[in-house]
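First chain written, first letter: the chains are A, B, C and D, and each begins at residue 1.
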């Protein structure tokens, strides 16, 4: 095990299951410097025996230990396990470890929705561990802090839902505006499509290019609808359109909602300020944020704008899809589950330029 | 004068006023191979005496002739003059040449709106040639072919309005949907901001980045509103939000409009097919287009999508902001004014990758 | 067959074998507007029956005809066939068609080297048609115009060799400098790696990134060595190092050669001017060219610089790897083989920005 | 003063002079989490009174304190001052504070060379504080650790020299190879050109583009020559060619040196291993590194390759120009000057992707 880890008298032992993807490497980037934890193993079935730094050259000399198989993880000695796996695979590990006393943060989409039925409807595949839904808590700390602190299984939110829900939560909780007509026009970097080479992420298909995809059908739609319906205490149908940006990281969501009750900029800002009071990772901005202003960090920059001319609120939110939209939020959830200061190990300054 | 030009027995002589910007160099790129015209001069006040290829290295050995001052343009011997100038400057040249018999295509925003009053309201500056509005025809051939063919002054459309109006024109003409609630979420490459270096276009502020700007206030809003109101025969208030993409060229507009009358995909497609019948530069696509699929060309790729779940039509349109959104549309207007085949000299294949 | 083709009374019929790659689509982009030829078929074994524009969306409405299998090409009715195929596959088609009277331009590496032995040594695979080497002419018009004009089989040069050989040819022909110590440090866009998705071309592995590859071993090394040795009339060993740029298109080669005889900038420039006299696609520049100044065009911009301080000539050359480095040079070769004006159909203005 | 700073019982107080540039913001990014220091002030003459986060949005909520003028810095209470200023300006502050007892790390080029004469020759401007050269130590810890530990004024190395000198130092110290014929072909991201908008860094001039600049004349040449001459104990003339990459950060240097004595890969690797033993920020790689593998970190990844075929050593080195090439190396120097563990606060994991 590596030096950096050894030097600490860390209280908590964690394991990362799934080494090859971007969420795996981002978890490692954050956890290796987290003062309260030690990474005791990183697993990969396909790369077992290789060094972690063979897969991710940036870790040369930093995390050089060998990848093990998931079978080699002794969960009895681990406090938290992070599942950085594709959906469909993750549920198998949840089934296997859920009663072993280890806390689980699942970064896949397997337990984010309200029921196996909704899952099967939007993910077009059978769910093999429906019971998991009873224990799973949707890990968005700004909304569910209390439940997270008592959970043993966290369904870590999707990247688009993180940006979208944070954009509209204050309005939906307050029941302000034509919530049912809300539109979320979202734009994401390519890392959201994963580490695996494909036509979608082929450089010449992305570079100097831009397009919409999954129009009307993207599965994050239902995740956003469910969370906002929960806040509104009423079921809503929303429009969500994702686009592919020629950038590595970052999501920018531009949301529109008509408001016909009395509104002005001051009121709108106050509503957001109030909702995000004492939420360390939501930064209310007074101008439209760019994705580079949050890159590499766990911050969500939110800017609500009132357009008097059209009677619409426009909310712009920027996050790093791999951090606030994945690994960072996962560590945030871990901090809460372990009763630590919620922002410990997560205060990296965004990397701009 | 250069070889390429000399070889032809061109019927028409054209002049480009304003050499330093991107619309100037794009006009040259298109016109130098146009079989019916000859570029007789390109002007620049600040670079007078330099060669055009000194400013735009790509033209080395292609257009090496000297830039002249606007005073050196003998408009009596010129058939068409293109004004590739900033707004505010353009109107001065229109005033000077409008009665000289030369046809003028003005690429600035000076005569695009319905009146000097609207101009002054949104452009925040006085208009010094209000009479020009009487002669100016809004040069969007898909909407105003007849008027263009008889015009002596063309107000060449803005880049965002071109993409936005083409997206929604069929629905507005037909008066279908909640036209007043329409939302246009548009994304543009940086060449839309011009050739001049600024913080906005500083590489490290744009690269791997993305942001919204001009939220609720961008002056193209009124241009879009006026054209769509004209089609609807009723005044509308629209929402338009521009964003800055880390790409050189290209605009992608994603538009949303609620429809509560009976609609389905087939009907929607038919409506668009009918509207754009015999329009050589609008390509109706059956999937979402990307901006690279039109790059360097005069095509506008339009994809109307019906979302039954939400009751909304979503229309995606891609153009090259410098071609269909500027220089290409200008040459299209010239072709029509001169009574030529409207697509002559404009059939460049988009450059992908 | 499409409209654009039909309108012409074209003299020559051409076929493109291999539709899916970038060289195939670039050939189509150039040939569709070539005034002396008609594309009679484009083939693809894996996409037979699809429309060409299904593979390459930019051709929607431009080339919509169906892809056929290579067996469907009636070479007896075709004047020139372009092989846009991977090496190893190309040689099979050369074998099949070489005696059918059709002229062949092979864009692969199968016949570029001096012998099957050299091929097998560097390409690490057997050559199944060694006889082809007797007929093949290396298709670099600046060096081999005469042989090309009489050839029936053209080995179209590699992209790196095109930039490298054009950089150093004048010095090697003149036998000036320490030719054996010449170093070529070259940088290429990702389209050189082809259309197929791979880790090498995965967006997040390329974007905002840069690296060297194939150090000391790249197979273009021997192609460069052979061509420059041919000019020098003496065998040389050269250093060639390729790098991967985060751009779509373009190669920039920076070459270094020590010169201990008398030299100055004027002499060096004169040497290059003389060598490239009447070569329409080599533009001698008086400052370092950038790759965008030649993008989308068949130009090679060459800038020789004399560094008195170090006694070295440094030569910078920029080309578009898909045009001058592939499809454009192929059409140039076709023009020469058919006895046409060598630059016909090839005078596209570089697309900047 | 901000919370993060307050929470610590920091021993050392530091001040950053020059807030607006990238080196200023990178210093802040690193120092704000450095466990042994407290940032007591950040200065800017032109932005005095604004908040630091107004200039650099990524610091919103992190460093919101007000910028002060340099006159407001009480150097008597500061342990280390970082000068993040343009050359020519920096020397004035060195003159003013050099005798005040504060340690100075100067990130400009003002004291990097061996004498005022050499400075004036290459920087083409007068040096107004020649005496500073007596005290200045060239702050490359891998070469000058001892002198740095005793210094009061550090001339922090240039970005290109850092990559270049680290590439060749082992060979020059050992006196191996044709050192006088060494060639360094270097490629840098645009942040090396600074925060100020200019044609050079205009997005559309850089994106999807690549070019060489300062051929034969770049002022970093002499800095590299002097450091390598110092190691060789003999004066050398080197070739250095910089190029501009379409990326934000990162330098990759590809260096060539002929070796005619006995050499093989093992020997070459051993030479580098030995030279960089116990140097925490040089990572000897066994394959060519990419710039993203060091992005945002203080690592220099070095890969020496022996090409038996040509008799040349090729060395590839990757650094982040803003960190190892500027702010990170500056903090490294500070750590050494203060007698701290040299790598404290500097172990950020590179951000890939």
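To be clear about the criterion, a contact is a pair of C-beta atoms (placed from the backbone, for glycine too) under 8 Å apart; a residue touches a chain by one contact, two chains touch by 3 or more.
To keep track of the chains, here are their UniProt names: A, B, C, D = N-acetyl-gamma-glutamyl-phosphate reductase.
Quick caveat: nothing in here was measured; it's all calculated off a predicted structure.
For chain pairs B-C and C-D, the one joined by more C-beta pairs in contact is C-D.
In the contact between chain A and chain B, the residue numbers used by both copies make up over half of all numbers at that interface. With chains reduced to the mean position of their C-alpha atoms, the one farthest from chain C is A. Here the CA centre of chain B is 46 Å from the CA centre of chain D. Taking the mean of the C-alpha atoms as each chain's centre, chain C and chain D sit 40 Å apart. Taking each chain's centre as the average of its CA atoms, chain B and chain C sit 35 Å apart.
Each of residues 22, 191, 204, 207-208, 246-249, 289-290, 292, 295, 353 in chain A touches at least two other chains. Every residue of chain A that touches chain B in the complex is listed here, in rising order: 181, 183, 185, 187, 204-205, 207-213, 215-216, 237-239, 241, 243, 245-250, 252, 254, 256, 258, 288-292, 295, 305, 307, 309-310, 312, 314, 316, 318, 353. Those residues of chain D that touch chain B in the complex are listed here as 22, 190-191, 195-199, 201-204, 206-208, 246-248. On the chain C side of its complex with chain B, the touching residues are 4, 22, 25, 28-29, 32-33, 56-62, 191, 207-208, 248-249, 283, 285, 289-290, 292-297, 299, 301, 347, 349-353.
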